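Order of writing sets the chain letters: A, B, C, D and E. Residues in each chain are counted from 1.
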Amino acid sequence: QSSSGGGDTIELTITQNAIAGGKNAKSAEYITKWVIPKFEEAQKAKGKDVKVKFIPSGVDDEQYKTKLSLDLKSGKGADVLDIDGIWMGEFVEAGYLKPLPAQSDAWEGWSQIPEAVQGLAAYNGKKYALPVGTDGRVLYFNKTLMTKAGLPADWQPKSWQEILDAGAKLKTAGVPVPIQINAGTAMGEATSMQGVLPLMAGAGGEVQKDGKWTGAGQPLKDALGLYQKIYSQGLGDPKLQQEAKGRDKSFAQFAEGKIGILMEGDYFWRGVINPKDGVAKMADRDQTVGYAMIPAMEPGKGLRGQDFVSMSGGSLRTLNPASKHPEEAFELLAFTLSADGLKAETGTDNVRITPRADVNKEILAGDPLLTYISEKVLPLTAYRPPVAAYPQVSTALQEATAAVVSGTSPDEAAAEYQKKVEGIAGGAGNLAS
Amino acid sequence: MSPGQVLGRIGFCTLIAVLLAFFSVPLLWLATAPFSADPTYQVSLPDFTLANFQAILEHPYALGSLYNSLILSVGTAVLVVACAALAAYALSRVRIPGRDALLYTLLLLSSIITGTAAMVPIYQLAVELNLIDTHLGVILILTGGLLPAAVFMLKDFMDTTPKSYEESARVFGASPLQIVRHVVIPLVRPGLATIAVWAIANVWGNFLMPYLLFSSDPENQPASVIIYTLYTEGGQANLQLLSTFGLLYSVPVVLMYLFVSKKYGFRFHGGIKA
Amino acid sequence: MALATSPPETRTERAYSSDAAGLGRVRASLFAAPALLLIAIFLVFPALWVLYLSITNYRLSGVEARDPQVVGLDNFVNALTSGKFWTSTWLTVEFVLGSAVIGQVVLGFTIAWLLRDRTGPLKRLVEGLVILAWILPGAVVSFLWVALLDRDGGTLNMLLGIPGFAWLLDYPMLSIIVFNIWRGTAFSMMLYGAALGNVPPSHLESARLAGASGWRQLRDVVFPHIRGHILTNLLLISLWTFNDFTPFMLTAGGPDGKTEVLAVYVYKEALIGGNLGVGAAISAVILLINLVVAVVYLRLLRRKP
Amino acid sequence: MISLSGLTKVYPGGVRALDAVDLTIADGEFFALLGPSGCGKTTLLRTIAGLETATSGSVAVGGRDVTSLQPGARDLAMVFQDYALFPHMDVTDNIAYPLRIKKVAKGARAAKAREVGERLGLAQLMDRRPGQLSGGQQQRVALARVMATQAQAFLFDEPLSNLDARLRLEARTFLKKLQRELGVTTVFVTHDQAEALAMADRMAVMEAGRIRQIGTPAEVFQRPASTFVASFIGSTPMNLLDATVRGDSLEVSGCKVAVPSSAAGLLTDGEEIVYGVRPEYMAYSAEPADGALGGMVSIVENLGASHLVTLEVGDRVVQTVVPEGHEPAMGDDGYALPRADRALVYRDGDLVSR
Amino acid sequence: MISLSGLTKVYPGGVRALDAVDLTIADGEFFALLGPSGCGKTTLLRTIAGLETATSGSVAVGGRDVTSLQPGARDLAMVFQDYALFPHMDVTDNIAYPLRIKKVAKGARAAKAREVGERLGLAQLMDRRPGQLSGGQQQRVALARVMATQAQAFLFDEPLSNLDARLRLEARTFLKKLQRELGVTTVFVTHDQAEALAMADRMAVMEAGRIRQIGTPAEVFQRPASTFVASFIGSTPMNLLDATVRGDSLEVSGCKVAVPSSAAGLLTDGEEIVYGVRPEYMAYSAEPADGALGGMVSIVENLGASHLVTLEVGDRVVQTVVPEGHEPAMGDDGYALPRADRALVYRDGDLVSR
């Protein structure tokens, strides 16, 4: 429901895919317990009577997206809303989002946000949103198992081969699942983000280059080749990749010490094996779990010639064009991403990488992994293209990995992918050569 | 007993035992997990705790959502039963040309409406009619989807009631509406009850429509939506909450079924026959 | 008293054609009006809209959301020429045949037959459990089955003593078929229960006296009697199963699309992919398939045995 | 008083269930409609009640033309074959239902229901549901319900046919007595001639939508107007035998019998007619007698205090009632002598009489 | 021959439907089982057929103990009340169905069906479905079907009760004749005493799961062994009146009647007994007579060639049969004189007799 000004009172609404007692409960709590009272208070101080209401939600991202689309299409929905970074393109094209108002240029936060992260919020050169945060991907490993397999506790592979070798050793040492790199469609986007995309980047490739889909180039074939090696040599568990709840399971297995090496984002550290409130708590996380950067295929072969790679995503917070009070809405939006706000949000037990360097500096200090990511990984990272067709391409990628894991050759799977991408792009001519 | 009968008896008992197992084993989890401190997908004797229930009670939306489910499902059931009963009665008693074709067509169309493809038209329709964010909107839309099958099934109940009851009332001077109220409705009450349970069960489990049509306040969301929020940030099921809420969420329909089947008998009266 | 041997069709015909309550066409129309009105607004109108969407390239977001184009039959042509659609259709056929036409009908009939002249707690227990499976909310039920079929801690593997057996991965179609049988048998059971109540016991007994075996009694007496019920039952459960989305909650269409029945296909296209035009087109095709199925059943019903 | 004139009912399918029926039923009369299945009895009753609309013709009740009135406005009450007691109401509510429709206050309704119920011996059963009553009790509840209406006339559609044989006999006497006491005009449909004879003041015999004979039971029994009526009336059907007129006697299956007194002087010599005599009106003897029909005894059926003996006379059968103690054994030869004053002659199906 | 010994059937609910029934039915006999609704007739028949398993006791057919055999193995055939014709098969197939189960070849089956059908006058109807037949025709098809089995015995469960009154009478004679010709042992269940009397060679009267009397129809009619049987048998039920023995006569409702000859010398003075006399065994007169029961005529029912007159004698009613021409008008005074050789005396419900 778009805001309606009742008398002098300005009513604002804000929505996220977060809900108390459920998904992203801490964000919901932040909004209701901190943002709303503080913001209302601040506005009152300015002489404005503003009432903010939080509209929680707690469902699959697809369903959240569907509802946002329907709301935006009908001129309804909250004044301030969170979206996933990669939805921005299609929302803009559908006319659901408008560039941020002019007042946004003056926002103090921009100066604190790294260029790359700012890029998340831009489409065709215009800013449509503020970034809410970002993340990065690493290889986690179980030091106990590594030691058992005769590998160093501060393991850092420099090439894919070293990963495979470590896997082989782990296997010999009796680790049930030496390596877990997500594959297949059941894991959905997790396969892309924590699997095929970082691997492609490691082979020097991207899904989209200069606005054109890349199709089945050598990088993809290399990435698929690695999948083949892992899953055909018994270094990974192909079944797990197909299970509907496979990702949950991989978490549980890692926590139980059944997986040697796992490629995941920082969420894994924060939310899964977190000894306090993770879904698969590891009491001895800090001692047992090691992490390493994702190596390129071979040193220097990675994206932009890097030795190491990563992928990042992030959510955006934006304005509803139908908002009756765009000015106040932007103030609310900015308020949620103020330094104080972010500190409050990430304060206790909810540390994450915020978009703001000033905040990060302060809050990440206590967490070695997040510091590691923000300092070592983020400079190397890459983002997915925020365009409408990306989900379809991503699905095609996932299908290619699924095919390889279940025995198709990388070349065949790549050819199939090529065909699909041509279909999505509307002809072979539209692909990057 | 002859050997044949003994064999038959053994066969019967085995079959029943297998059936009972087939239908009850999947339910075991619901009986144990809510009482486990750390439930997994495994069915095991719980290390008994009521902490999960405590957690659900403290959940901001859980109990309210059950209430919402109740409003939606009872509202829909009442509307479906009332409209379908009247329509089924009329269709059963008066020959309308093309009646059967009409029913079949509607039945087929109702399958489109329950699909995901219809969400945009339905959403926009609700927007146009100002039904967004209202229980009434969800009730009306769900009613529209359930009505054809309800009319179809109820018509058969109506067909199997002897017409002498109505004629008798008519000779005494009762008006058609009086006849329906005094005679027809009581006679087909088991049928109405069955359809009501069917409608309630349908609405009780429906996720998409309430989710889409209540956009502004989760306080209005029914349990079918809230149960999907019991996941963690990364999309992992929170089994403690989920199993417990699942149990609470199931209990009302089970109670309702038991009540109805005790009071009216849960059955298809003469059976549905085309 | 009507003779029990007169053919049921003609009997109902004569008994109910007449307007016992003196309703008259006008009042009958008034009675039917509320239902028809609700159906017209909330069912027929959106359904027609869906049919219209099926000839556009409408999407949930992106350029096509702002400015959808009528693309004629493109969506249909694309669907019908894509292998995925046909795979999906074939999977649906397997699913409907396996779980509804064979599974639910056979199991539902078997239960109804076993319990036909029993009363007491056993009957109530069996019926209660079967109906429970039917009325429990889908979200709960799908969790129960995930727990049942789970690879590691699943009850089934525990009972069978084969830990690690991946039912949902190695036998995905079988799993969802069995699941759907479990879920949907209640309707058939109740319907056949009622139908069997209409088979005059004397007919069965007369066959027994002639020495007919159990199977022969079924074939010679019961089936001819409940033909109408069987066909209506088939019609309804086929229709419902065609549009059943619950398998998604068990397997999410996987692994590798091996359980991606049409309803899931539509869900993926329309909701996940946002391709509403395509989703609508596939829905329309499902409608057509349902129509064909219905017509076939009705033909069978009309034909004299 | 109920009068029908030219009442015709053609069902949509084209069945002419009533064909220009004219009939007047006097006030307070117990009138029986009798006929074989499908002859239109129920249709006639329902058309009087208004449950079927007449195709043509008119119905008047108490002098008022009700042809186009709704059933509820005709001031008639009807008992259906299955009683149509509402299964969800107890006896009191069932009996009081017509009053409820007439908006009689609740207390007054219940009082009236109790009064009528008591009169019919239902006092102990007032709280039961119909399902908890025996057939006979249900029938009395149905009666009580129509009595409570205080309608101008009662219409009964085979109200006894769902009772078992013994109860049926008792109910017959009970109903007849009740009707006499109430004095309400009653139209009673049955296909059982014994019922019609026993209960009716007057009766009509119907065939294929038409009335074939109207009269008192004794008239209809003793002088059936046609062979159809003759064969339909009587616990044991009338013997109807082809006969030829031979001077002043008749030749029947090779036997010679006297011309019935009713037909004396109306027959031509050599004419082919049908000779009718009821089994009850023949004297049986084991010895040949003049004017008797003789043959072999093929069946003897016990009727209680008498026996029904079937003789094979030539290629025809003749049935005769033999009083207790005189019954022959099967296979004996026997002779049946008709009473000339009770025998009848039919020409082309119609009674020959003055 | 069918013999039952100690046959008991207790239904799961605890209803004792048969209570140690002993019965022997001779070869070729037409045996009727008569009793009020719910007395266990159907249960007895079904237990013989094997459709119900006996709780205890045994059934033998033709000397072979069949107690634990399946119905199909007992070599019996049964006609059900609703005939149980299969609606989806034509007449030929229906008649031939038992042969089909016995794996008789198709041609032979059809031939046999045609033969039996012809015998029962169904030749024109062999291609019809049961729904296209009248009740009487359906009944004959059901008969034909059992005849085709050539079973050792036929079991009939009220096969005539679905026919209308007129047809029932014809079917009765037809069935009796057919049974004589075939000579097949037949057990016939009915609740209609007239049917039982007319058709049976011997009959049993049942009450509450027990057999109360076995005998020929004449025995049962003339000397019912108990007041229960007495009131059950007879088209018009026996008058059963409380009486006191006063020396050599009886006092009944203030009237004095002679002691029946059957009870002469068996009564004590002052004893309270029940005096029974059938309406048929009383002479009616309008004038007072010695030893007659007198009162006001309250109902006169036409029975055809006679009338049933109900007299109000004191506070009791007495019914008597009055021959044609002598019937009184309602309200007259009348007197009924019992025949001492037919009147009976019951003490504690049982017949007093030598």
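Odds and ends about this structure:
By definition in this document, a residue touches a chain if its C-beta (ideal position, glycine included) is under 8 Å from a C-beta of that chain, and two chains touch if they have at least 3 such contacts.
Chains and their UniProt names: B, C = Carbohydrate ABC transporter permease; D, E = ABC transporter ATP-binding protein.
Only a predicted model underlies this, so the values are computations on that prediction, with no experimental measurement involved.
Each step here moves to a touching chain, and the least such steps from chain A to chain D number 2. Counting only chains that touch, the fewest steps needed to get from chain C to chain E is 1. When chain pairs are compared by contacting C-beta pairs, B-C ranks highest. The most distant chain from chain E, with centres taken as the mean of CA atoms, is A. Per-chain Cα centroids separate chain B from chain C by 15 Å.
Remark: chain B and chain D have CA centroids separated by 54 Å (rounded to whole angstrom).
Centre-to-centre spacing of chain D and chain E amounts to 24 Å, using the average Cα coordinate of each chain. If you average the Cα atoms of chain B and of chain E, the two centres end up 54 Å apart.
Multi-chain contact residues of chain B, defined as those touching 2 or more other chains: 119-120, 162, 164, 167, 169-170, 228, 237. Contact with two or more other chains is made by residues 63, 66, 70, 245 of chain A. Residues of chain C in contact with two or more other chains: 1, 8, 20, 22, 60, 146, 152, 271.
Within the complex formed with chain A, the chain B residues making contact are 58-62, 119-120, 123-124, 127, 132-133, 211-212, 215-218, 225-226, 228-238, 241. Residue ranges of chain C in contact with chain B, taken from their complex: 8, 12, 15-25, 27-29, 31-32, 34-36, 38-39, 41-47, 49-51, 53-54, 58, 60, 110-111, 114, 122, 125-126, 128-141, 143-148, 150, 152-156, 158-159, 182, 190-195, 197-198, 226, 228-229, 231-233, 235-236, 239-240, 242-243, 245, 263, 266-267, 270-271, 276, 279-280, 282-284, 286-287, 290-291, 294, 298, 301. Those residues of chain C lying in contact with chain A across their complex are 59-66, 146, 151-152, 166, 168-169, 250-257, 271-274.
Residues 36-37, 135, 164-166, 169-170, 172-173, 176-177, 180, 191-195, 197-199, 217-218, 221-222, 232-237, 278, 280-281, 298-299, 301-306, 308, 310, 321, 330 of chain D are the ones that touch chain E when the two sit in their complex. Residue ranges on chain C touching chain E, taken from their complex, read 1, 3-8, 10, 200, 202-203, 205-212, 216, 220-221, 224-225, 305.
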